[in-house]
Every structure is written in C-alpha cells, then in structure tokens.
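Here the chain labels run A, B, C and D in written order, and each chain numbers its own residues starting at 1.
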Amino acid sequence: VTITLQAARGIVERAEAAAAAIGIAVNIAVLDGGGHLKAFARMDDAVLGSIDIALKKAKTSVLFAMDSETVHEFSKPGAPAHGLEATNDVLVTFAGGVPLKDSRGRIIGAIGVSGGAVEQDRAVAVAGALWPDA
Amino acid sequence: VTITLQAARGIVERAEAAAAAIGIAVNIAVLDGGGHLKAFARMDDAVLGSIDIALKKAKTSVLFAMDSETVHEFSKPGAPAHGLEATNDVLVTFAGGVPLKDSRGRIIGAIGVSGGAVEQDRAVAVAGALWPDA
Amino acid sequence: VTITLQAARGIVERAEAAAAAIGIAVNIAVLDGGGHLKAFARMDDAVLGSIDIALKKAKTSVLFAMDSETVHEFSKPGAPAHGLEATNDVLVTFAGGVPLKDSRGRIIGAIGVSGGAVEQDRAVAVAGALWPDA
Amino acid sequence: VTITLQAARGIVERAEAAAAAIGIAVNIAVLDGGGHLKAFARMDDAVLGSIDIALKKAKTSVLFAMDSETVHEFSKPGAPAHGLEATNDVLVTFAGGVPLKDSRGRIIGAIGVSGGAVEQDRAVAVAGALWPDA
C-alpha cells in the first residue's frame, strides 16, 4: 500500500493553494510509505534553505508515523530519546511534517512543508494531507 | 533568471505524457539554474533506484550546461577528464539529463529522467525540455 | 541575476581592509545567489578552523536570505524551528554571514566572515557587503 | 613554510589573465601546504561543476606533491595504485593541478584550475604557478 502519483500531486496542489491563500511561498514534499520521494514543488520565492527542511520534515513523519513536532516530545533535552534528531541522517522535529493515511488508517506516506512560519507550514501541511483519496 | 514553478510543472507534465505514450514509468526531476530542486514526480511503478539517478542526471546537466551523456565524452576512460564523474558528489553521465534554456538561450535549469531504457529516458527528457515557456 | 567576480572581489577586499583596520585575520567567502563559491580569501594567520565557518555563514545567509545570526532566532532551543541548524548539511547561526543585494533589493549572494570575535566578524562582513556595485 | 595571501592572490590573478588571454572562463583555487583553502576566484560564465573540480585538482597536487595528472600514472587501471583516486574524499587525476614551491623548492601549496579544456586548464595553472614570489 503506497501513495499514487495522482494522490501525491493532489496533495501538493492542495497544500500550494493553502499556502497561496495565506500569502506564503513554501516547498512541498510528498514521500511514499518507504520514505522515498514521490512529488515535490517549490513555489516561486520560497527560500532555498527550506527545500531540505521540507524533505526532512516529511522523512521524519513517515519514519516515525507521526507529526514531525510530536517526535520532539521524545527527542527534546531531558526526554527519554534525547538526541534522536541526529539519527537517520538528521530529522526535523518542528511542525510541518504530517503522515498520510489511506481510508483504513494505514500510513502510505507523508507530506513536509517549509518556507513560512512554523505554524503556517503546519497548517499548509494539514491542508494538503486532507486530500480525500490519499 | 531562473525557472518558475509553472514552467517546471509544465516540463514535468510533458515528460510524463511522453513516458506514458511509450509505456514506461519514470522519475522526473527539474532543478533551477543553481542546481536546486524545483519540481519532481515519480510515476507509479517507477523503480526506487531511479529517483537518485533522475536527480543526478539533472544536476549533471545544470552543473556542466550540457546533456548528461555529453559529459561522458570528457569523463570516460581514456578521455581527457577521466574520473570526472566522481566529482560534485557523483555525476551521472549517461543520457536523460538535458539543460533548460530561456528564449535568449540562457540556462535556467535542467531536467533529469530515469526509469526506462537510457534512450527512452533521453527521449522523455527532450520531450519535457521542449516546454514553450521554459 | 547573480554577482560578478569584479563585485565579489571588491567585497572581499573591503572586508579585508576592515579586518586589517581592527587588527584581526579572517577568512572571507563570497557565494553567488545559488550558494556556489565565487571568491575567497584567507588572511595570513587566520585560524584554519574558520575556513569552514566562513563558508557556512555565507551559505546560511544565502539559503535563508537573512543575516546568519537572525536564523538563530528561529533555530535556538525553545524557538519554533529548534534544530534547524542541523539541516542543509549544517548551518552556522551566529553573526558573520550577510546577504548581498543588488540595487533593486534582490539577493545575489552572501558574504561570510570568520576568524575574529563574532561581533568583529559581523562588522567585517557588513563592511564588505557595502560594496556599491554589488 | 606556507603561502601568503599576497602570493596566493598574485597566482590567482596571473592564472585569470592567462585564461582571459585564451578566451576561457575558469575556476581558480589556491590551497596552502596543508591543503587548506587560501584563495579562490570563479570567473564569470565558468560552469558551476568546475568549482569542485578546481578545488580537487589543487587538493590532489598538494597531497601528493606532484601535478594532478602525474597521480594518474599511479592510479590508472593496471597501475600499482589503481583506485587511488577514490581515496582522500575523491581526487582529480587529470591536468590542471600544479604544486607551488618556494625559492628553495619546498612545496607551499597548490593551484587548481578547471573550466576549459583539460590542456587549457593545465596551461592556465602553470601560468599561475610561475608567480615569482610564491
């Protein structure tokens, strides 16, 4: 079970529309359930540094099957898995990565969004993840 | 001068149509003139190993301002720049990477295609690069 | 739109003069708008470890289109994008990286300076970035 | 004993003049005797992919105290040290890297040039290395 290009593209386009609606330019990455890149779009004027962040947010979500910021609850200083963010060739543990699930709740990939303020990135990622056929 | 998302998406879609027309599933990467990812799509059933190849073909084309297989003329055993393919964190010097140029002939990015036979990949990349607004 | 070697060299020389004026030896890196190295100079007696820091300060500035220390406001512990400095193959988020802009305000590169005290590095980078033709 | 910035800059400028005289745009890197970057210039229109090559040619020359293409005599297929070029985080073993020596013949660094045809790069590097005070 994994995401189709049609679904991935729909997710990217929903996220892009959500970003445009709030006036920000972001990078949007969609990975499949194995963590491999499926679709990507960088909106014009999005900062170059956020390409890697969008990819790593999506990677973080799919590898741990949770929102990227939830991983921080485990990895932050003093938490049980402190330092976790240095594994897997660097994780990004702030908001903007969201798992994608099929109609039966199985994880089929993740979306990662970066380029706006963190809460904006999260809202855009959530909007993308609502794609009905994902 | 760099490529817009609209142009990059058009290029991806043209390449995808060309691949579908010959019955192959490929990865399609579009980079900007600085070598940064702008748009990407992996068609359903494209092999996972070709994601990295598509990205590196596009990188090779934009870094050397030529088709990826032309770099091989310089880098192959016995050629003047033998071993060149190990630089720049690994180049891919077989066909499927094509530079993108604006109407004045300036390089604004590159497309990389991988997943079919090499000559098929090349034909798909060339089809994508013909996007009129690139 | 990117920086010329003439402009990059002028920026390096202005920074070098500013460093000499306060009696410090620094590394000075100028990157283009895509983050690629354009010009570099290491003043005699600058410590070896600051070569990489100067390069990464400039990279940080061009990737996020802001002074390197401003990135720290987002990435520091407790800030929204905590851990950001581990992305993009390591960022440097203390002062000494400054974006370079053309006369219309578009980013055409960045300067990174390292070798003195952080506030000295920042002053030297700012002096370099004032190059009138940048 | 190592190279001064004044000498490194003179070498870069001599190489740049030699490249301009034959109508090519190259990257010019000067490393010190420890292999650390001392000065660098990318001429306008030099291809992006040759930045890394210029740096690696200079690295190869200083690490083995010989012209970069001479290393190939040891590393080529069938030669005693076949595969050598994969060590030291990738060497470049075609022409364009030349050691720099002081008046007593001691190695004080290296120049690496890339961007033209290999023999052009070599001629430009040799021209740079003739700096009288190096």
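In this section, a contact is a pair of C-beta atoms (placed from the backbone, for glycine too) under 8 Å apart; a residue touches a chain by one contact, two chains touch by 3 or more.
All values reported here derive from a predicted model rather than from experimental measurement.
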Taking each chain's centre as the mean of its Cα atoms, which chain lies farthest from chain D? A
For chain A and chain D, let me know how many angstrom lie between their CA-based centres, rounded off. 43
Between chain A and chain B, what's the gap in Å when you average each chain's C-alpha atoms? 25
Could you put a whole-Å number on the gap between the CA centroids of chain A and chain C? 30
Please set out, as single numbers or ranges, the residues of chain A touching at least two other chains. 48
Think of each chain as a node with edges to the chains it touches; is that a line, ring, star, complete or other? other
Complete list of chain pairs which touch one another: A-B, A-C, B-C, B-D, C-D
Touch list for chain D against partner chain C, complex: 4-5, 8-9, 32, 34, 36-44, 48, 51
Which of the residues in chain D end up touching chain B in this complex? 47-49, 52-53, 56, 72, 77, 85-86, 90, 92-95, 117-119
Chain D-facing residues of chain B, complex: 34-35, 60, 62-65, 77, 80-84, 86-89, 91
Once bound in the complex, which stretches of chain B touch chain C? 1, 32-36
